[in-house]
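Input: structures, listed below.
In what follows, subunit A forms one complex with subunit B and a second complex with subunit C.
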Partner chain A sequence: MTTTAGAATSVAAPGTREVSGARSRRRRHGDTKVAFVMLAPLVVLLAIFVIWPLLHAVYISFFTWSFYASSEFVGLDNYVNVLTDQAFLASVLRGLGFAAMVVPAQLVIAFAFANLVKSFSGRMAGLLKVTIYVPAVISEVIASIIFTIIYAYRGGILNWALSLVGRDDTAWLGETGTALPAIAVPAIWIGMGIASLIMLAGLLDIPEAYYEVASLDGAGWWAKMVHITLPLMKNIFLYLLVTGFAGSLQFLVVPLVMTNGGPLESTTLPNLFIFRHFTNDLYAGYPIAAALLLFLVLGSVSAVIFRLVRSEKAVDG
Partner chain B sequence: MKRRALLGGLAGAAALAAAGCGSGKDSGSGGKTEVTIWQQKFTDQEDAWYKKAVAAYNAAQDKVKVVHQIVPADAWDQKMKAAQAAGKAPDVFTLNYNKVQGFARTSQIQALDGVIAADKWSGLQDSVVGSITYKGKKYGYPMLVEPSAVLYYRKDLFAKAGLDPEKPPASWAELIDYGKKLTTKQVSGFSTAGNQIDMGWSTWGLQWNAAGHLPISDDWSQPRATDPAYKQLLQAYQDLYKQGVMPKQPLAAYADATPFGQGKAAMMACGSWAASVLLSDFPKVVGNVAAAPMPSFDGDATKPTATLGGWTWVIDGKSTKAQAAADFIAYVLAGDPALLVDYFKTTKFSKYSPRTAVADTISSDPAAKENPWAQTIQDKVVKYAKPEPTYDWSISLAFGKAIEKALQGKDIDTALKEADAEIKDIIAKNNLAGQGTTS
Partner chain C sequence: MTRLLVTIGKVFLAGLFLLSALFPLAWMLIAGFKSKTEVVQTPFQFFPEVWRWENYTQILEDPAFLRSIGVTFVGALLFAALSLVVNSLGAYAFARLDFAFKRTLWVVVITTMFIPGIAIMLTSFIVVTQLHMLDTMAVLVVPGAASGLQVFFLRQYYLGVPVALEEAALIDGAGRWRIFLHIFTPISKGALVVVGVTSFLAFWNAYVWPVLTITDANLFQIQQYLATFRSDRSSELGLLMAGSTLAALPVILLFLAFQKQIIGGIRISGMK
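Let's look at the complex of A and B:
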């Protein structure tokens, strides 16, 4: 489209070109105004619900602040308190460990599932898509309750199943070694639906012609996977990695309902740590400073992922 | 024109949103002053009593309309914080004794001395009044007290295990020994708090019992968690867990007596409120249940094993209807004792009144016999119990964490040292030194 227009312009007379250029500039100018108007609702809402609260949060993080007593300026004290609090640093590291358990597992399973759905057609594919999407529409609270029942020490389904093969009861949520992996399972389950559908959309977006040509060249399943599917799914992986890491680091409801951060804080993820301080502390400066620092951590993690897995414009446009 | 209309619409929407965010308090209904009360969700019977009390006050006068709302316990903190942030906190709300001084210090609640007449404060237990007093002013009106730790046990399971049902464990060694004998594949020998949050408050009485003090000095200037006397408390929990006497995963929250009622535990540490749950929901097991004080570490039964927690009613620090709110509080909690006696009847006499007039009426009520454990709890637990500590919750949590570390098999000395360091840090960061008057 652009090429055709360009060719038409190149054969026009010089005078016509100037008039046309001026018209084009005017149109561009007009387009910019329309674009601004169309963006305005979003910008206004963003300003009210994101930018202003963020700026306000930064401002009050420099105070001993409560909703009642008069605030006192304390400079960077809240930040120093958070950064010297081993419990906060431990919660962030724990969050990264949790994300490292959840995201790769989610990507692998979702990729395998998307390939499975792609290989089916019609009703079966539809049924599979609905099945995998169900966890995404179940609330995190319900999912947490379901898994708490599964993991129950006495009368839990998992211990019952393992007792059939002679294994003693395990306190899945009661021991520091098993609690975090135990809550990672529902986290993987909850995020699987959306990840699988995005993966499927990515797979379906790869032109079939590539695979046909590769087949003609004698490429097998593995060669097609390594040389066609995986490179063309790179941006999908990148998107799911960034959103998955950011989402996993921010899990709140699952640990809150299933373990309340225990045992021994082994499941206290960063947001639960901040949430507890926000609801228990008499002043809100500390949790606000902690939340802003977590915001920086999330930004840094996303930047690192972008750096490591450079995104590229899709080759096939 | 269209663009202008669009921008105008957007500006209007933004203004509406802003107005919605900052709307002020209600100004009354039908010419009456509207006072709101939030009550934490308790049992259905208690909730019904609150409704009745509000209805009685609304019918008794025509100047104030009290609006009552029940808030689930697990949503309380979030809902209250959100309401406080929006300037829409209720005028009156229920609050634990241990939070009163912190709320008063941060101006979240108002002093009641000026709005509730002096004569309404007479006949209240001194120790309870101490819990609601900050810098010489009273910030809450006490409703009830309830000991935080009582030992309930199943007499039938005792007999089955070859133990004397009339002889509850008198020492921790006995408690562990009995627990081992009572433990089966389906039934835990002893059920108690199993995480740092529940242990943070449910062991206050045992902290007193083990060391004769709480893990912070009376003036809140120094941590006292490394007192070697605390080792026996942490050791007891470690042994209970290690030897499989208590379940590896809590059967329920400490305050919930349901698993014991369902027969999943042979002994249970729980507050006096458990009596109400057992009598209402598990009448069939009541005949087989006995109550006793928690064992004392040195065998001295006159030492405290529980703290007296409970609920008080307070007025929000920003309430502009303090007098109307206070009149309502005084009507319900300091007025005709009959209204409150009805509450204690409703809760099967599992709680105790700090007001002499009410307590006397209850003790002479023949229906009090309906609770077979009330007298034992009154004579052997309440009599020696201490008031709840009033310092910041984070200090209790630091000590609860030490007990949980012991429970999970960590070194006890290290756990206590870490708790001590954490409490010291909390004192410094929150500027607590010198703020404590009682502990």
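Let's look at the complex of A and C:
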């Protein structure tokens, strides 16, 4: 879970910089020895299990690499193959479509939730905050198992509920038209807690005085929403939008467990496409090139947004 | 009158949120009490005919289930402990110490936050293969312990600790290790709880990495067990639901026990 983080302080205590400045004038890099000992486990582990694999992946992407044969330099061939592969491009488009279902739903849920919690006091607000986060700690495997029985064609609760309003049974996971929306629901379910709590934190950051002044000026609920809440939460929306898109495009376990990409590839999202090539292909250059291309786009977009949101926070705070 | 309507609307909405978050879990719990034909049967039946505790006792008598729960639990504890040590030490160095190449190293650590797992999945697999780590507990515990995200989070927290606290200790001649252990560690208990619990949860819920690296049934992780059960014994749905409920229980309890710290730790500044 790459979710919970970020302490309340976005700005360093003012004293910190002065002290380290004063010290460095006396004894520049004076702590190097002890610092390197403290950093050693972190740096060594990151080097072996993250940085080296990344560099190696970049290297392999220019070769026809396999576990069993000697590899051959092929230049940009792997990248060209990826970008001209209809199946890969289709999976990316499918991923975008999937994100277009998941992200707006999450934003709406989170925004409604945040405003609702803000309007409640103490105990009820606490109950809501804790409850909405419970799905986020459930594994994607268990979520897949639960939603599989909910979607069951015969005797599933969803078809039963819909039969009450006169709809015929649907094989939710068995039809190309419904399978992707059907796996979007658990994605929303798992992700809504985090999005909601971030949204709530952003909403509570807005100084209450703004609303009070607006009330004195006779602004109603709608005017406050349009002129105070929405503009001040622009960054939060942007942040959730981008991380939501990145997260959706990397969604892997639920389609892997629930549908394994089917029926007829209708739930083969980009990461599942790459994962299947990893486990099935003889040569690794092609899927690695595909993964790196995705990484390049997603990683740089999230890095930019991350910077943007942080810098504005610092200015505000 | 409008006030009343607004209140009713709010309560309704709150109920809707609670229901949508909890219903799937309640449904899993209920299904765990059903016989294997009852879970998905026509005509539809909401509650079981008789509440069968047998599913729960039966899955608890399955040695493979117990073993995977136990192995995953031990692994998650080791993983949480290792994450805490590695990331808090690194975070402290970045927050408080003055050393050569600090900026460069910081950029490297931060950059690792943005590397998606899929990009390095195969090459990480190559690394652990060459280190002969496949089918060992180490392959589950060690590779993911160092985390740029956790370091970032803890560093933010340490930066907020008043400098005056350690200055007094420095003047008294305390070393950096003593300051870290006796001042920073106790004062940042809340942040360390967040790191420990989120690491535990991540380990408990992991599926893809164990599938790639563990084939030895003695080391099967709980999510692997459930996914395999789902595909191999798909007719025994009541049993599967009971097993899933039991596998979800520890993480739910853990979250509820530390919900204050976990929810308090969610802020925009460190999210990814």
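The definition used in the following text is that the second predicted complex is superposed on the first by the 247 of 317 C-alpha atoms of A that agree within 3 Å, B and C clash if a C-alpha of one lies under 4 Å from a C-alpha of the other, contacts with A are read in each partner's own complex, and residues count from 1 in each chain.
The definition used in the following text is that contacts are C-beta pairs under 8 Å (C-beta built on N, C-alpha and C of every residue); 3 or more make two chains touch, one makes a residue touch a chain.
Everything quoted here is computed from the prediction, not taken from an experiment.
By the touch criterion defined above, A:Ala152 lies against subunit B and subunit C together after alignment on the C-alpha atoms of chain A. Of the two partner chains, subunit B and subunit C are each touched by A:Phe278. In the superposition on chain A, A:Ile48 makes contact with both subunit B and subunit C.
After overlaying the two complexes on the shared chain, residue contacts for A:Asn81 are found with subunit B alone; subunit C is out of touch. Contact with neither subunit B nor subunit C is seen for A:Val297 once the two complexes are overlaid on the shared chain.
Looking at the superposition, the partner that touches the larger set of subunit A residues, subunit B or subunit C, turns out to be C.
Legend: residue contacts after superposition of the two complexes on their common chain; A:Ala171 is shown touching subunit B, with no touch to subunit C.
By the touch criterion stated above, A:Leu89 is placed in contact with neither subunit B nor subunit C. In the superposition on chain A, A:Pro263 makes contact with subunit B only, not with subunit C. Comparing the two complexes, residues 41, 48, 152, 154, 278 of subunit A contact subunit B in one case and subunit C in the other. Residues of subunit A that touch subunit B in their complex: 37, 40-41, 44, 48, 66-69, 81, 152-154, 169, 171-176, 260, 262-265, 278-283, 286. Listing the residues of subunit A that touch subunit C in their complex gives 1-10, 12-13, 15-16, 19-20, 23-24, 28-32, 34-36, 38-39, 41-43, 45-46, 48-54, 56-57, 60, 112-113, 116, 119-120, 124, 127-135, 137-150, 152, 154-157, 159-160, 163, 189, 192-194, 197-198, 201-202, 235-236, 239, 243, 246, 250, 252-253, 256-257, 271, 274-275, 278, 284, 287-288, 291-292, 294-295, 298-299, 302-303, 306, 309-310, 313. For subunit C in complex with subunit A, the residues that touch the partner chain are 10, 13-14, 17-18, 20-22, 24-25, 27-28, 31, 39-46, 85-87, 89-90, 92-94, 96-100, 102, 105, 108-109, 112, 114-124, 126-127, 142-146, 148-154, 156-157, 159-164, 167, 175-177, 180, 191, 194, 198, 201-202, 204-205, 207-208, 223, 226-227, 230, 237, 240-241, 244, 247-248, 251-252, 254-256, 259, 262-272. Subunit B makes touch with subunit A in their complex at residues 3, 6-7, 10, 13-14, 17-18, 77-78, 81, 84-85, 87, 102-103, 105-108, 186, 188, 194-197, 247-251, 264, 317-318, 392-394, 397, 401, 404-405, 407-408, 429-430.
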